[in-house]
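Here is the structure we will look at, set down as structure tokens.
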Amino acid sequence: MIRFENDYAEGAHSAILAKLAETNLEQTPGYGMDAHCDAARELIRRECGTPDADVHFLVGGTQANAVMLASLLRPHQGAVSPETGHIAVHETGAIEATGHKVLPLPSAADGKITASRVHALHRAHYADEAHEHMVQPGAVYISFPTECGTVYTKEELADLAATCRECGLPLVIDGARMGYGVAACGVTLRDVAACADMFSIGGTKVGALFGEAVVVTNETLRRDFRYGMKQRGGMLAKGRLLGIQFETLFTDGLYWEISRHAVTLAMRIRRAFEEKGVPLRYDSPTNQQFPILSGEALAKFRDRYAFSLWEQRDDGCAVARFCTSWATREEHVEALIRDIDRHCPRRRV
Amino acid sequence: MIRFENDYAEGAHSAILAKLAETNLEQTPGYGMDAHCDAARELIRRECGTPDADVHFLVGGTQANAVMLASLLRPHQGAVSPETGHIAVHETGAIEATGHKVLPLPSAADGKITASRVHALHRAHYADEAHEHMVQPGAVYISFPTECGTVYTKEELADLAATCRECGLPLVIDGARMGYGVAACGVTLRDVAACADMFSIGGTKVGALFGEAVVVTNETLRRDFRYGMKQRGGMLAKGRLLGIQFETLFTDGLYWEISRHAVTLAMRIRRAFEEKGVPLRYDSPTNQQFPILSGEALAKFRDRYAFSLWEQRDDGCAVARFCTSWATREEHVEALIRDIDRHCPRRRV
Amino acid sequence: MIRFENDYAEGAHSAILAKLAETNLEQTPGYGMDAHCDAARELIRRECGTPDADVHFLVGGTQANAVMLASLLRPHQGAVSPETGHIAVHETGAIEATGHKVLPLPSAADGKITASRVHALHRAHYADEAHEHMVQPGAVYISFPTECGTVYTKEELADLAATCRECGLPLVIDGARMGYGVAACGVTLRDVAACADMFSIGGTKVGALFGEAVVVTNETLRRDFRYGMKQRGGMLAKGRLLGIQFETLFTDGLYWEISRHAVTLAMRIRRAFEEKGVPLRYDSPTNQQFPILSGEALAKFRDRYAFSLWEQRDDGCAVARFCTSWATREEHVEALIRDIDRHCPRRRV
Amino acid sequence: MIRFENDYAEGAHSAILAKLAETNLEQTPGYGMDAHCDAARELIRRECGTPDADVHFLVGGTQANAVMLASLLRPHQGAVSPETGHIAVHETGAIEATGHKVLPLPSAADGKITASRVHALHRAHYADEAHEHMVQPGAVYISFPTECGTVYTKEELADLAATCRECGLPLVIDGARMGYGVAACGVTLRDVAACADMFSIGGTKVGALFGEAVVVTNETLRRDFRYGMKQRGGMLAKGRLLGIQFETLFTDGLYWEISRHAVTLAMRIRRAFEEKGVPLRYDSPTNQQFPILSGEALAKFRDRYAFSLWEQRDDGCAVARFCTSWATREEHVEALIRDIDRHCPRRRV
């Protein structure tokens, strides 16, 4: 069984394992107060062009989202999120468990929300006579790239950020797959840092064993962030493990190399589907591809590959999700491409 | 200005004020442990045909909903609600503040949800491989009557209850306007009590100064309910004030008399609109009526009447809400009917 | 049975019932947006000498405490409270239910906390290397008068306020029995308003049917307070009921007249105990008195009076609590004094 | 600088690193559904003598405690904990953030609580007329070993468990240092499993990079535990990392070997202090030792060793904490012993 089912099926990039082994017997203070964490913080600040930003390290994405949002929302506020957002759908109500409603905003077919929709929601809230009886929008949450593999352009991000500032809504960006987003388009970490008030940079899906870096650019939101990390179980005793991993990822461009590897392979898969006329559910330039497969094709792929069933359709077709990652092997992609060629009779020319 | 804007614009029915004055200097224990509360409990149990049910008294509806739902949901569970449900829209995230997501279920145009939709949601949840990553449906919440003034039939309620039992989902009914619902159709309090695991009977909108009775029919959900009332600020020090009011309302059928009064007047308003061909947004047999008015008509009504603007439409028309209540005066309704006749030129025959 | 068991055993002062009856058929907007609430707000602002303060009306004390504290604490913060504080002991964890720890501060025998203890706690927190692993003090909560019936002097209040400001800790004062505190000593509402960032003025125990006014003096804490009231079930639909009551209480000094009545009677009871050498648990100048009674005396009082058992002692004695209120009748106090004379043989001269 | 400051200063036992490297490119499903997790679960079940128990893997201890307790408490319930318990002091209010009060129980000088104290607290709660106004005890939490390094005997544990069952209070045991406790005394994992309804087995401090296994022995508490893990950020995407580590730890007794190593070295340190007459704050048979050092001695040790300052005393002395762990090197212990000999002049014979 070859696994394209997600981007966390393997352990870590070999450079990370090597560094963990090399530093294993170093004695360090706990909870992220060690020299490796400090070095990683500095590397990330530099990469983001934000010398004053606070950088924290957490273990997982659900945790990072909950800690970020709970740190800045007041009790009566909710987080505006694309209706397909991870916090809206796949975190077992982690945000609600901190007392806050997720305010779902209809997203376009590509899973993205627009500045104008955010603006309209903000206006509509205060225009409603009963607004004190409704959850107040308190922040905007998006993912980059989105759950659908799509990316915001630099202009879209800037527009969203401008609107958020105008409305007094901090912009929080979930970057669990940040590397694959940046590798896919012209947006850089500097662009993200310039737009977001707070964002994460995913390690788990981009070469690390685990770990998300959280960057707090907005000065007024920095205070006491570590208390919230501890309270919500996000402060790792051996914090150095996170520091060591991010230090490795952001040394000599390893994070970007890893990201490009996955995106390049994903594009080869995408082209293989396209060449056979297989429609794609989303126009994704990143490491996740969503072909719409016939029931027949699906069955054939299932024998050999693990992939996610994204959406079952009434006509028997289904949207499948194939992910590449830092760990995807070229020969596996080649095998898949051969099978695409074999199992997908050309449709719709 | 004549007010049809809501059903809580006045104080209380005169019988209630009289009883409060009459009992004013009685000395009673606090927190609902007095003889008036006991008497009211017994009257309500009898009316519901549930001799063993627990009956509690709370001050307001948002409070009653939060106390009911928080008492029975586990942390990872959410409350399934019509997307137009009061808890989903107009309680400033009170349910989320207790840690639980409201799971909105698309309602029909009439604000009602169906047994089959609940069943489908339940099935879909467990069919999803990732269901542990999603909020688990833990209860079903509906209002009777709904926010749109509509009512479930006895059969619809029984179907919903049967489905809820099958799915292991307690059914919680918000009866903030219970009296007006019962007065409008063939459903009785006994029917409601037989279907719901827990429900409220509204006093605030039906003749009391304030107060909601909560009836817990399901034996396994009764334990320690009063702790939750106290914790969420819902245990009134002078609990007797609630007991006295509900005792009065459920003596000699006052609650039903009050309810019929409001519904009768609402039906006269409804017929007046219908006779002029004014379309109604919902087919409401209860004390709330939702005519769709032209901008012109709206402006004219505004001079003399207070009513709610329910929905602004793009064509300049708007849905207005006119409420009657226990306190609505016949001469006010007559004045309104005359103005309907005057301001609403016959449309669409 | 004559009841001295609490200060909420009766209904309301006759002036309040009269005003409720008189205004009963007025039609007003809901949720505290009516003219009576506005008038009451203005009366309270004047009494407090704080023309810019925000004034809100809630139904009960537990609710008021939870809404006040949750409005200003960040998630990792707790409320410092005397260990005997109402929020620490008798609100079924209402503060914890909003996510915040109550940080109990040892109080002196009189239930009061001192500025120096608050200062020490603040210093100790930040001096601890592991302070990020501990709940951060986020506000200071006291009651005036305390649960033990004692009062802070004007100087003690000013010291506490100065320390709180120095430490960046808002001072929240629970004034469920505010009237009895002010009537007992030289502290005025102006003094309280000058010291507290936010405080309540109790109606429930001081002549109203129910209701607590919350005054927010600190400008930065005012924003969006009403959202929190709604979210936690503290926004009464017929808000005017609260407005009418506080309007009545603060017209022509009724609130103070009521308060003096209770305190005067309590002092007569106190003197009766003192004259018989019955020790008092606390040196209370307010409406609650705590004699330490022998088992024998206790049994005799029990036949005729309802009072609280405050503390059972190992030697068979017990601390009883006798409360007076706006509603206490002189003849009841006289009867009690006669029985004190009869049942309490002079001890310890 | 030689570090005795905590038991998480290094990475992981070499066997763990080796196993992580060896399995690195295996492709597995996520979220703990892989074969390594299954194997580790089976090993732990066998070690505990509980073939039916559910075993889960979480990243950290604060997380494990919050997930365990929130899974079983109802909203109005609190967790009884020794006043020195980790949840009561050092988790930034993580339990309160889930809505529950920690009910501190005075512990003896050794940090332990007794069955009789739990029983008394339970009785006192229900004996109080106002018990509905107080947080209801809902579970008992202890650590094994305690924060003070002490251990419960088998009899003490059994007594506590019997009392908890009698009172209807699930017993939750925090085993962050479980290995060191078991290695120090006659209590086995089977004993713990027989007493606790739910408990954790710490990996972070006992040879793993990170990770806590949670064992749910009580059948009625097993349902839907994984939802809670996900909701509170405790479900690791690459769950296999936890499975691999616990698989390694519980193969061929590595966990016990590691634990014995630390305890043996701690006993050598303890004896060195004792021989010089240095008093120990707690009678700890485990990997944490708490000598009471003079200011002078303290200063000298500080030059060469990192250790925690546990408690500053008024007489200039201080309680220090020295920890050993799986990673402590014999030569470091020998150096420390030589310095104890040098810096601690014999006192009090």
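To keep things simple, chains are lettered A, B, C and D as they appear, and every chain counts its residues starting from 1.
Everything that follows uses one rule, which is that contacts are C-beta pairs under 8 Å (C-beta built on N, C-alpha and C of every residue); 3 or more make two chains touch, one makes a residue touch a chain.
Quantities reported herein were computed from a predicted structural model and do not represent experimental measurements.
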Checklist entry - Which chain has its C-alpha centre farthest away from the C-alpha centre of subunit C? => result A
Checklist entry - Across the interfaces A-B and B-C, which one involves more C-beta pairs in contact? => result B-C
Checklist outcome for this item: Per the C-alpha centroid definition, the whole-Å distance linking subunit B and subunit D comes out as 50
Item to check | Centroid distance [mean C-alpha coordinates] between subunit B and subunit A, Å | outcome: 42
Checklist entry - Just how far, in Å, is the C-alpha centre of subunit C from the one of subunit B? => result 34
Checklist entry - In subunit C, which residues are in touch with two or more of the other chains? => result 75-76, 91-93, 97-99, 132-133, 136, 227-228, 230-231, 235
Checklist outcome for this item: subunit B contacts subunit D in the complex at 31, 70-71, 74-76, 98-99, 132-133, 136, 224, 226-228, 230-231, 235
Checklist entry - What residues on subunit A touch subunit D, complex-wise? => result 1-3, 5-6, 8-12, 14, 17, 20-21, 23-30, 59-63, 66-67, 91-94, 97-98, 204-205, 209-210, 227-228, 230-238, 240-241, 306, 327
Next on the checklist: Under the stated contact criterion, what part of subunit D meets subunit C in this complex?
Outcome noted: 75-76, 78, 89-93, 96-102, 129-130, 132-136, 309
